[in-house]
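Structures incoming, each one as structure tokens.
Next, two complexes with subunit A in common: one pairs it with subunit B, the other with subunit C.
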Partner chain A sequence: MTTITPYRPAVQAGRDGFGQLLRAEWTKFRTVRGWLIGLGVAAVVTVLLGVLTGGSNDIACATGPGSPVKHGRACLPPPPPTAPGGQPVRDAFYFVHQPLAGNGSLTARVTSLTGRYAAGQGPYPQLTTPGLQPWSKGGIIIKTGTKPGSRYAAMLVTGSHGVRMQDNFTQDSAGLPGLVSAVSPRWLRLTRDGDTITGYDSADGAHWNLVGTAHLTGLPATVQAGLFAASPDHTVINQNFGGGESGTSDPSQATAVLDRVSLAGSAGGAWTGTQVGGGAAAAAPGRFQRAGDAFTVTGSGDIAPVPPGDGNGLGPNITIERNLAGAFAGLIAIAVVAALFITAEYRRGLIRTTLTASPRRGRVLAAKAIVVAAVTFMAGLAAAVVAVAAGNHLAAAKGFYLYPVTGLTEVRVVAGTAALLAVGAVFALGMGALLRRSAVAVTAVIVAIVLPYILVVASILPVGTADWVLRLTPAAGFAIQQSVPAYPQVYGLYTPNGGFFPLSPWAGFAVLCAWAAAALGLAAYRLRRRDA
Partner chain B sequence: MSQAAAAGQVRLPGRPAGALAGLRACLRAEWTKTRTVAGPAWLLAATAGMTVAVSVAVIAAVRCPAGMACPVDPGRLSLTGVQLGQAMVAILGVLTISSEYSTGMMRTTLTAMPRRSLVLAAKAAVLTGEVIMAAAVGVLGSVLAGRLIMPGHGFTAARGFAPLSLASGPVLRAACGSVLYLALIALLSLGIAALVRDAATATGIVLGLLYLAPVAAGFITNHHWHNRVQRYSPMPAGLAIQATRHLASLPITPWGGLGVLAAWAAAALLAGGLLLRLRDA
Partner chain C sequence: MEATIEVAGLRKRFGPALALDGMTFTVRPGQITGFVGPNGAGKSTTMRVILGLDAPDEGHALIGGKPYRKLRHPLSHVGALLDAAALQPSRSARNHLLWLAHSQGLTAKRADAVIEQAGLRAVARRRAGGYSLGMRQRLGIAAAMLGDPPVLMFDEPFNGMDPEGIVWMRGFLRSLAGEGRAVLVSSHLMGELEDTADHLVVAGRGTVIADTSVAALVSAASGDRVGLRTSARTEAMTVLAHAGATVTATGRDTLTVAGLTPEQIIELLGGSAVPFSEVSAHRATLEEAYMELTRDAAEFRAGGPGHRGPGCPRAAPCSPGPAGRAAPAGEEAAR
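After this line comes the complex of A and B, so read on.
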């Protein structure tokens, strides 16, 4: 009897780990020249479309009624004051103040807030029409100084948003609702304790409610405390289809009547009236009158952030996401590559080899998703960095005002654009695995992500419907590119046309992720149930 | 068969000579290919169905409340679905030739019909015919939906919105023009697919060409460049044919816009046809 030894190959069996699977998929990806070219094309068109749309823009503005249109830097307004956070702000109001050294407290009762505005724009607007703006404001304020952009905390009554506590231009919290009048006055109080300023309101001067707390780091020992009034421009928004564009904007003025003013602490000197900032002051100069402890303060302007867009006084301005419009083009190229990453296997029959080598099908799909997402993210990140750098350089050279954002926001917008492309790639991969036909999968992805955006920005849909489209469709993911939030304390038009999405950046991105996860999950289910 | 052709004298029975007869044979072959696979029929049904579906959804969403000025072009609004229908048409146009390349059928086709430009012409003719049929259904459905729904949403005759009717010249132009638009999109897709062969790549290029222009136009604030994009890119220019009012404010005339799209389609077909002759299949 001879013993038969089974044949044992010298080569060791490959390990069945997930790492091995990832490596196999990565090898497939990097060895197909067309896919690498596609990835390169995606990066290039992302940069090119962004730079071309930005680069085609030119500054042209009329400096006044009847004056010729000028080009270039000739007509740029002076740079605006900025908040401690770096945002451009409007800081113009009439301030009746006196210095307050150290800790202390300021209390006043507002009995009336009225306003006037100019209806119809003219070269010399007359403030003849009575009426308040939604964010006309009057109240008490503690401010570092009278320099525009300096730190502050204020308790105020508004035209139609009740009592608010606002600080450092972007913070806003609500107090008592309702309009102020002689029969329903509002008591306001600000208390300084070190760097902390606390705001209270009361309807009767006896029962006080905490409205908010502001931490003004580095507040000097002596601050200016007092009363103020401001009223932003009367803005008429033509609410037509697709939100239209904002309409006319005319100067306005608010008058606040405050009494029982008391300043507790080491305050000294008399009440002084100062016009802080410029703006509409020339058309409607601020003033105050005093009778005992009662003050009537009249002022124009606003203490608020300036959102990006046209007609906000910043002159020609762009946000950083304007340079990333090319993500739409990149997404189309990425969708092609990612869909082919799976459909090409079906076309060539390679999928049978793949699934023989790695029979756990869900893991194959997961490995593919990870590889395509990682590769796309890297390419997208490089493209986004270049596009933002080139676009900002181009815009600065032309004299555009670059809307400043914090470093963290910039990282979120740039990396978010790369992540958007990566999740788009996973979505395309899932659709490719689900449909198995590359042309259909590519079309499905492009139509799902790009078409809703077009229908919304092309001003076909009314505002409400457009918002829902951008909440539910994968196009919601582009919210990750929005660098400046919509400020509820500034009346204006916040539409997708102007770069404002209905969902917050991360919520919108999550919607896209949900679509991608659904496509991938369905694809994994079908991959297991169906023969390859 | 190629030997027979080379000999020049052997004529197969039932195969008459002449370019016209050759075209007829090609057309028959292409028509047989189209009608014997399920894909094209589904895509044609999807073209008509999705055109009507999106149109109805948009028409249903838009209302003209009392007291508000509604700067809406009712013709263009009720034909919004064409913007999705064209994606289905693009797939159909691309697959007409790409699927032959991916399955290797192209070599059989070109062996049977060696006159390559004739093959492309036959494909274009069959494609145009079937797309016109499907597009007509989609466009008529959309106009009908507009006629039925819009008056109930505040677009009444009293406010200057006469019910949509094909008897009115501008609406007829918008409707027929939209059908032609979809046919031209199909031809553009066919030409690009003949150029690049791969279905996914061709689809990506066609849809990028179509959809990126309106996105870019939204980001361009320079008036001149904005106008140029609207005038010379296939989708915004071609869709100018849907305008039924305020023609003077359009960046390009309706028929001029369709002409721009036709030029794009012709260029793509020409380049595709040229490469088809110059390259091995």
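After this line comes the complex of A and C, so read on.
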């Protein structure tokens, strides 16, 4: 028998690492043309459907019977004032004020808040029906000036939300609960110290509670301090059977009675009554009466942000995420590609080659997930950027009001849409690895993510059910696209089909991530346990 | 690292079927080890266990003393071709080898080298889905060679190859063994391995029936018998029996002699002036030896629905015996 010299390899293998696995999976992905095409289809579908859903409609309007029909931009009402944060706001109320120079303090006791409203009796309604709106308000306010949209902080009593401290339109914190009356008055106090305004309330004028603190940067030395009343429209919303809603909106008015009014500090001059802002003032003009230190102030309107949607006085408007409504369709194409990325290997037996090359199976699945997430994110980001740019351009050309959002929110919505697609792809990959069949995995993804979203957005589900669907299913992830929060201090129906999700953007996204992690984790567990 | 495969006491059950039942053998460097046995003998399952794809219920398989899952850059330790059809049809051969190379920290250069080695250069950039089975086998071999491993395993590599390809494959396998590599080649047809393998592991029903060299297997089956043709049958029997041989009359003028070499027989008959016309060493073929060995293991495969046991009258239906019932389970295990 001859002596055998064992073979010594001439080829030296490189270093072992996860990076090589990533590179191998990326090579796999990019060398199947069908998958690259699928990714492209996802991007194109996202853009086209988004732009079509967004501002591609023509706008036409007429101011009354017989008047000429106007088109596009001419239909837009004058642009609304904006809050210091950039949000469009309603800033209309009756203001009884005098200047306050430097630091000081304003105190008043509210003994009554009453209201009246019209109940839909024609174009110039009479405010004949007594009653308060939930957010009718009266109280004390310190404001930069009488210009709508200027900075302010206020302590106020409301129709049905107790005492509040509100500032700069979006901030709102609760004080004493309950309705105000002569036997149960509410004492309110605002103190200015530099840029800081602090709000207190009290039931007896002796014991004071801190309600909140507002930081109004750049507050001028002399501000306007005084009393106010406002009352938003009386709004009735009907939820239609089988989804959708319709509503009516009529003017209302609130009257606040305040006494023991005292302004401490360098105040000077007489109390002046000013109607701030316009709007409902024509139907319900504001006024005030004074008897010693007691005031009766009547006003209409609201000091609050204006949410996007119909019937809010903004005219035809679109939010940034309307341009990204095609993401659900893009997700279907993405799901097909992502599921195929693993199921194609099972179908051909190629998974054995993969696992022979990389016996550490969990890492294989992780590498696949990272590759599919990265390519999907890049394709999704490109699609989202194009959809928003093209959609906004088109909508502006058609004459829509583009609901303004901050740059940071825009980044979150655009990159979040890409991330939504990426995490959806990981979910599809996990389902593919679990179910090992493309058709079954893609169907599972569509049923889990796309179908709930469509049922909700198309208002096929009742609102209560829709909310739960968007809390529990992976479709919750679409919340990342919501650019404007629901404002509790503005009465309205914040429904999913109006773009308002029951979970905050990041919480909704976390639900989707949890689903994807669960699918991938279960798939990794099964992959490790089972024979290949 | 030592270029060996060690398989020790593998047992594995797929549902009711026992696929591996104490499979034990060693593959040594510098030779081609043929792994033969009927379909369902457990060859493919054993190979999957060696590659860490299937987990055995008992026993272990080691490559150079390590379990497969502990290998770093496994393709530079073992190259394997299990299923030539395991390809993404829309991916080209070169891209298939490229991702494999990347997974092992190897470069595109190495992928091009094995393409050349497997004779695939002309088709390397075409979709693998359009390849013939023979081309897929070559691609599978290129993939196995990618890491230049000291241990190689090929499951039924001759399947679908044309005669030219079979000749090429034999030469290729021999050159691998000549370089000192350990080569394990499975086949369900002994004929394919007859002129190729140095050593044979014969499997049946999930265990090893014979683990021997090719020469030893043939001589064991031949049993040192010599055939003799003579017109003087009685005289020849007397002479040879006196010399201590066992002599059996097999025909009017033919005898089979055991216990003497042909040379001794010629000398004895010549010395006693007994005429004879032919003395031949009775040599079994490898195929015969294999059939002999695997008869028991293969028996159950003849069963199945409609099978008539030996005792059944031709015209009358009768139920399959226990061997018949075992058949579907055995075939299940083959998958």
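Some points to look at:
The definition used in the following text is that the second predicted complex is superposed on the first by the 502 of 532 C-alpha atoms of A that agree within 3 Å, B and C clash if a C-alpha of one lies under 4 Å from a C-alpha of the other, contacts with A are read in each partner's own complex, and residues count from 1 in each chain.
Heads up, the rule we're going with is that contacts are C-beta pairs under 8 Å (C-beta built on N, C-alpha and C of every residue); 3 or more make two chains touch, one makes a residue touch a chain.
Fair warning: this is a prediction, and the values are worked out from it, not measured in the lab.
Contacts of A:24 after superposition: subunit C is touched, whereas subunit B is not reached. Once chain A of one complex is fitted onto chain A of the other, the partner contacts of A:434 are absent, as it touches neither subunit B nor subunit C. Contact with subunit B, but none with subunit C, is seen for A:458 once the two complexes are overlaid on the shared chain. Using the contact criterion defined above for the overlaid structures, shared-chain residue A:497 touches subunit B, although it does not reach subunit C. In the superposition on chain A, A:336 contacts subunit B only, with no contact to subunit C. With both structures placed on the common chain, the touch criterion links A:447 to subunit B but leaves subunit C unconnected. Of the two partner chains placed around the shared chain by superposition, neither subunit B nor subunit C is touched by A:254. Touch criterion not met for A:216: it reaches neither subunit B nor subunit C. Note: residues 34 of subunit A belong to the subunit B contact set and to the subunit C contact set alike, using the contact criterion stated above. The touching residues of subunit A, when paired with subunit B in their complex, are 34, 38, 49, 52-54, 56-58, 239-241, 322, 325, 328-329, 332-333, 335-336, 339-340, 343, 347, 437-443, 446-447, 450-451, 453-455, 457-458, 460-462, 465, 497. In the complex of the two chains, the subunit C residues touching subunit A come out as 2-3, 28-31, 48, 51-55, 68-69, 71-76, 80, 82-83, 85-92, 95-96, 98-100, 102-106, 110, 143, 147-150, 179-182. Across the complex, subunit A is touched by residues 58, 61-63, 68-72, 77, 80, 83-84, 87-88, 90-91, 94-95, 98, 102, 198-204, 207-208, 211-212, 214-216, 218-222, 225 of subunit B. Those residues of subunit A that touch subunit C in the complex are listed here as 4-11, 13-17, 20-21, 23-25, 27-28, 31-34, 344-345, 348-350, 352-353, 355-360, 531-532.
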